[in-house]
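Presented below are the structures under discussion, each in the form of structure tokens.
Two complexes follow with subunit A in common, the first pairing it with subunit B and the second with subunit C.
Showing the complex of A and B:
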């Protein structure tokens, strides 16, 4: 035997520090430091060319009195709540469907999952074509059925709902698979016992299945919702934030403030507010998840 | 047919499933059809002949060749780096005594919910003042730093809290006795990490690698912010610019859309079996 236990200890501790340090330095540079920079800059006026000037909370006051900010905040919430609210129900329904013994179920499941591999740019361009007012097949179908020519991306009432639908179309597969994995883990004896006791399908779902898959559903809602709060690409590619700001999100106006208006201070204030919203939303969703566990 | 926990499925359920599958297959087939429609023919009809020449034509128009090289470089380097950092830090957090290890874990879990988009503006400013590159002096002044450079495009993808967190979960599930026995035999710490534990978590490495590749390959906002020079654009950004300038060339556009989606798609199908069992449970735990 070559080394004493105390030498192991020093050796093991040194190895740990060496292995963990590079990653933590990178995490600090990419995630922690920028947050600090954003907080500091949010209290300044800065245009990239002249030195930042401290202006107190004026960026926040200006934002709160800017109707476009409130519109973007509203659009972001509409997008996130719309997509995740409808999406979670659809994902559970589709997972229940694929949990049955279907001929060709594996292939169909893969098909639903495929768009998940594509970027938002790709999905946005595909749907821009599908919804195009002159060559879009969805436009043709709706016109043939209703007799009205729809302008999905240039009608202020249709643009955001269209983006919700195509985002849901892309993301459904990933979240459905997570719920499906949870469904497969529900003990079959429970369901069979309930069936023998005469529980109807709806009762079996609400009293057995749903409580059993609860943690997967909570995970899906949190992950999906926080992801949806960052929406940018679809609006940038499909509508350029229009028509009349109808699809501008918080990330969109942050980008505009920073790189079109060169108002770094105000863009940083938006980043800080968005960060606060993410923290509050994730804590609230976690709390709701914990409460549902106690209620069940 | 195997009996599944959800029960046998009749005609009605099959009909529903087919309808759902159609919602996915029809747009994808339509995309394929448009990408093969000869230039000048009406989009959306079955063309007289399929024009496979759209694919080379699309990649010859604009700078798609350069964009492809940029995207491949950014995605591969980011993926390699993220795998190395996720494995080393994940292993250390799972298996080695670290001062403050609990705090590091708390930080990583907190960062899991922070969207990278929020960091875009300050990170851009930080890239501008990286010292001694892009014409900058020692104090990061005078030039453009890492803006308009391939390393600059890679930066946000080099490490991920999720990658470290996932690898830590997988290393943690392995028994400590493996390492202890090797130490008694005189194995070095590096050897224990690389030759004993890491081969046992290769499926997880594949999953972390694919998430990293997908993140870098599909990213749009960061390249949009970071590139002024069109020669440094990636495929996703170059495609968007091409669309904004030639919005009616649907056949060429859809050819590019299809081709640039294939790498991640193949990787996904390749590791599909790891996706369900491993990651999902690890992520939910």
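Showing the complex of A and C:
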């Protein structure tokens, strides 16, 4: 006995829903439900031990009047903009280099990618040693070259830039590979035609290559920026948020509020604000990408 | 279609098995938990134990305790870094080990949440109590009740490098006893041209709350305290400001360096000979033994300082303790285990293995302290307990940041402390 076409389609649709439902349930449990719980908890005073008590928007008011919150927000944006701004340019430059037929290119690509395989904790510990004021080889080299003793992680003006540099080193390989893949897909005939027409290398890059890899660059900027807004491990391991809060980020103070102060309500309010910032940043970056596509 | 039907049947079977497993799992897991929580078993959780400590517990101490009492003890461990987070979440979910190790300032934050069991009734009949320093016993109390007993102590005192003092023309008989003589000694070291001339004093700056720990001693020496009688923060009191002014003066006058921050790896500045003086504890000896054994014999412990000449020496100690979970299924057994771990021989072994000083008065002559400067243990008599605040973990970091701002000249001491008072009062809901 065979089913009618419409019944078969309904069966296929039902089967599809059944098949995706476990994944949807998991997404609901892992992402949607915690977000909802965090939003609810952000309007409460909750210390893990006693039942949450509704306090309205007091957590948000207290956060907005706390200078450390604003300092952490500023540090977070500085880190994200610094790392992604510099990192995207460097990733494109390195990808352009590897896009040419270089001797040992494969080995160099692997070397640039290797840090991505290490966990942030390992990378942070490694760089803590490299930048140590007494035994760090980078410190020794800078001191030998400049005659000045640098304190990369304990000087309030150098700590965040140092964390930006190590984060860039760690992430560069992954984003470079994405851009390199996009570069490989740029039609050679376009570049050759432009060259025959007398276009200089810079003109070929800005008028042909860059527009062709725009989607990849937008993807890199969005994903890298959104990840950077959630920076925690580097500060936690390398500087403990110091010196004088100079490397405290929003996620760092969220952790402190949750697990040192046991103020889950306040920590949830920070999480909700960070989520809002991530959504707004994501939409703005996507809008910027769409506008640049339309302009092209 | 026949195949499709077969697949449906097969899927149903898989779902049935999965559902049965899901239903059965809690029973199976619960059975295990019930067994573990039975009256004849206990669990203990330690933080940051070395391999030697783990071995001692697993192969020696816990089997010996089990043999004596018939109680089997399971061993849990974690790192210090995430220790409070783990203990708080475990306590909140009712899964905390029966006996738990507590960091120096954890008692009040946990006791105020009813996560720990008061042990006064047990202590009433505990004959060994008189063998412990009273101040260290008091360090485990909160709101008039005792919650924890001292396992070992990190008692701070004034430490010096004999060789570097000697290079500055000072002998062991010239060790400072008050703030002025301490400062004068630092100035002599600065003029000596030795390896410590650039930074005569290392004030304990680290990536944790080292500055707060130093300032805690200074404010006590000045006769101040963290909180007033009404519970309000009073760091900006005359004594608090005097203590911070004194500390800042070393940085202003080039006798200390804000960037000399110990990262926890390798020899600390005193052991390395980069500084000649420090408010440190016995872990300096442990650090020397691990990183620069020759430096150990150069380290001498003086008496804790007094603010004025002829004043009372005062110091503080960071005392790691053992407490009982409020959810312990077998609190009597948990108390038996703590008593066992506090006995003289075991306490000596543990203080040695953890690299601290004994909390027992009758262990001042412990074998592992032979050859060590007697000032380390002598300082224990001058210990003032930590203020038992439920928000101490947060407050300690706030103090550290305020002191850091002052020594980095980002704020005047009085202004930094006034701002600190406001923040602490806000944290305490005042």
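One rule holds in what follows: the second predicted complex is superposed on the first by the 279 of 296 C-alpha atoms of A that agree within 3 Å, B and C clash if a C-alpha of one lies under 4 Å from a C-alpha of the other, contacts with A are read in each partner's own complex, and residues count from 1 in each chain.
Convention: contacts are C-beta pairs under 8 Å (C-beta built on N, C-alpha and C of every residue); 3 or more make two chains touch, one makes a residue touch a chain.
These figures come from a predicted structure and were not determined experimentally.
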Looking at the overlay, what does A:129 touch: subunit B (first), subunit C (second), both, or neither?
-> both
First (subunit B), second (subunit C), both or neither touched by A:41 = first
Comparison of subunit B and subunit C by subunit A residues contacted | B
Touching partner for A:49 - first (subunit B), second (subunit C), both, neither = second
For A:145, decide between first (touching subunit B), second (touching subunit C), both and neither.
-> neither
Is A:196 in contact with subunit B, with subunit C, with both, or with neither (first, second, both, neither)?
-> neither
Would you check which partner chain A:242 touches, where first means subunit B only, second means subunit C only, and both and neither mean what they say?
-> second
Please indicate which partner A:96 is in contact with in the superposed arrangement: first for subunit B, second for subunit C, both, or neither.
-> first
In the overlay, answer first, second, both or neither for which of subunit B and subunit C A:154 touches.
-> second
Could you list which residues of subunit A make contact with subunit B in one structure and with subunit C in the other?
-> 1-3, 48, 128-129, 135, 259
Touching residues (chain side subunit A, partner subunit B) in the complex = 1-3, 8-9, 11-17, 19-20, 22-24, 26-27, 29-35, 37-38, 41, 48, 94, 96-105, 107-108, 110-122, 125-126, 128-130, 135, 137, 140, 169, 177-178, 180-184, 186, 188, 191, 215-216, 219, 222, 226-227, 229-230, 232-233, 236-237, 251, 254-255, 258-259, 264, 267-268, 271, 274-275, 278-279, 282
Inside the complex, what are the residues of subunit C that reach subunit A?
-> 1, 82, 84-85, 88-89, 91-92, 109, 113-115, 207-208, 258-261, 263, 265-266, 272, 274, 391, 393-394, 397, 401, 404-405, 408, 410, 426-427
Provide the residue numbers of subunit B that touch subunit A in the complex, in ascending order.
-> 1-9, 13-14, 16-18, 20-21, 23-25, 27-28, 30-31, 34, 42-44, 85-86, 88-89, 91-93, 96-99, 104, 107-108, 111, 113-126, 155-156, 158-159, 161, 164, 183-184, 186, 189-190, 193, 214, 217-221, 224-225, 236, 239-240, 243, 250, 253-254, 257, 260-261, 264-265, 267-269, 272, 275-277, 280-281, 283-284
Subunit A - residues contacting subunit C, complex = 1-3, 47-50, 62, 128-129, 132-135, 151, 153-156, 239-240, 242-245, 256, 259-262
